[in-house]
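Have a look at the structure that comes next, please.
Chain nomenclature is as follows: A, B, C and D, assigned in order of appearance, with residue numbering initiated at 1 for each chain independently.
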């Protein structure tokens, strides 16, 4: 799959790194607002890859020109909330799959994504790691099986992380538990860890997710890209992509 | 629901304890091979309950007489592999739901259960805790999503437990990983713990189940009984009961 | 060692259970305020033991008479804050070692213990498990090595436990960290767990203690009794007993 | 403190990174066998620092000349087993503290270190992280307190790590437990984790160490350097440096 990447901050770089190392996908270009020191992402990241991976600056080129000259199958967006306005319309009319990993969209952006999804496949997830989304999915399932179970959430992150983890807040919301059921630990030597504790009479179940680097976003974005192939026009979230795996499990096991 | 219990060993006692404390179910009787010191399970366990909970010995009464005089909706079996022959036929013809938690059935017993399932709803699970069965289910789902993920299994039990945990072996089989991926810890101060470690590039997901007492079997057996109500004749396992919860999750979330 | 036990509540019973099962110590008697259904603790607990283990009621017998007729080497106190006044003076004049595991003494009781310690060896620990006291000791050591390390405390207990764990508060005090560094989880299926997280740049150290039953108090009390043998008159805490083990380590390793 | 670093492989680079970011110490130079692309370690690592941090190649300069022209207080060695022969004698005669973090010395090298320790302070630790050495120390202490405790060791590392972790083997040796008490997990998404499980009747204590990057070696090396200041000539290991902290703990707490 030919992929274009929007944004080249810490997360964007980590995602470029993962795409460059993938044999199945080609990083065609990286679009950023400001100019760069190197002409390609593979030079910048010191990765050996056949992908073009040219770093393109909006100052030098319009998005329309870019999409015409260097067509892609999917755009992965790790820029900021405003990014979608720069490329959204041009991508949608060309039926390019849009995969957005922006954490903090306002209502206007969400509405814009929905409009775009009338023309192409649009995916949005504020935390695009496979592990966290699986955890959200599996936790909802258990809550459904046992509605009265005690639920507590623990999250551990590096000392400087301010506020409660947004992912932990989302887990709490999706399980319908109070925000004060979230315990936050901040200390050196920790990257990021989320744990959901289900307490039953006489037994506990724990779901734990740990990341060791931002590259986990890259694996997640590629998983999304691969699972959106041949999907019809529409607006998708991570759960939409995970649900079909359940059915195939069932089939296999009943055979 | 009116329940009859077969077997009154360590697990049987713990299960009786849970049923007696449940407001929704009545423990009608406990059937055991040998005579008992007390006439009811509630006296033996010192539980205050309106349930009859009479301890019945096979020496004094035939199963046919018992089922006629003291009818039940479901039979929960924590006896031994041979137990099913004592009550199976009589229960099936009366359309009594059969819930068996026997760990080690031979082929003959499994075949017999299947025969019985032509006449009534028959359920069998060698580990009848909700937590372990959820873990098996959720782990299979993740393996399906990410077939190439690294999987390792850890199990920790009390010092005296001989051999590798049967539940860990079942987890390994259901995930199609080698038995040497199971790490066993034996030490004082531990009741029972199973952990499945999924290693992805840059992230891990861990599913952990811990029991603190055999009463966990009782909660599991009641969950099964409640979920088999109004189910048609047939042979069921734990996954059959968990699968429908997935669909209701989906519905809720899509609304 | 001949041991007398004061108090026969939940903790007292668990401690009696451990002493009765010990080959090296004899439970001479259990003193309680109210009368009991059985005449010995071994009947009550259904433990087979050569120890007398008679249950003695204060209603029937004075402490003076008891200590004269049934002398012991050590008294272990799991009663309440007032208990020490019933037996303290009589025990001290007879040079009987006093081991108190009372959680909540007032200033008056602490002062009384110190007075008694002028006449006999007196030990007091509000949490008498070996594991928690080792954890306190080892955590202080690490804090000393690395004064600037980030420290967070997690404690998990059964749903009904009210307030923050007293042991967690004590850990926080001894490490000089704020009370809001304690994260409390309350959920079914958990007995009791304390974790101290030390976060360094690039690495973490975690000390974790888990109990699975109150019997852990019994092992701790016997450890204390064995380590107080031949100790001179004085007032001891758990750290006093652990410190000498450090020196013997050092010697062994330098040889 | 003025520091010279021997070796600039993966670990050496991470250690240089930590020293460069430290305000209290100056990285004077890095000695390596082959030439480098950049003239200083701070350019190579893109760290802003006032330290000279010149990369020196043995091809261009003798160690004698280097030590004369650019004197240091301590040498930290992350090269290979042979490295010590290149600089050992010249450093010892100048009373420069030698801190070696080489994992695999032969008997000849150990003997050579001992000879050098007659002239200057020499330190050697095959795993120079503070956390692992604290864990070794604290675990020995607990084993001493409770010689009959059940001990099991778990280590988890990235998929490609071959064989059982050398640190885990050292932990097992120092606790006198069989090598088959070590459980090894290999999976993606894990950097490095060691856990010692102590199982008592009714309770467990767990000591857990996790690293998230090789920079942890740098913090350890600086801890060693700081604790060797003003130490007399002699041969030191990590335990020698940790032991004095114990005494200061005791003093504080008894006051």
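Heads up, the rule we're going with is that a contact is a pair of C-beta atoms (placed from the backbone, for glycine too) under 8 Å apart; a residue touches a chain by one contact, two chains touch by 3 or more.
As the structure is a computational prediction, the values presented were derived from the model and not from experiment.
Student: Show which chains lie in contact with chain B and also with chain D.
Tutor: A, C
Student: State the chain with the largest centre-to-centre distance from chain A, centres being mean CA positions.
Tutor: C
Student: Rounded to the nearest whole Å, what is the centre-to-centre distance of chain A and chain B, using the mean of the C-alpha atoms as each centre?
Tutor: Centres of chain A and chain B (C-alpha means) sit 39 Å apart.
Student: Can you pull out the residues of chain D that are in contact with at least two other chains?
Tutor: 189-190, 198, 200-204, 210-212, 216
Student: Mind listing the chain B positions that touch chain D in their complex?
Tutor: 149-152, 154, 156, 159, 183-190, 197-204
Student: Under the touch definition given earlier, write down the residues of chain D that touch chain C in their complex.
Tutor: Interface residues on the chain D side: 18, 129-131, 134-135, 138, 140-142, 144-146, 198, 200-213, 215-216, 218-219, 239, 242-243, 245-246, 248-250, 252-253.
Student: Can you check the complex and tell me which residues of chain A touch chain D?
Tutor: Its residues touching chain D are 189-191, 210-212, 216.
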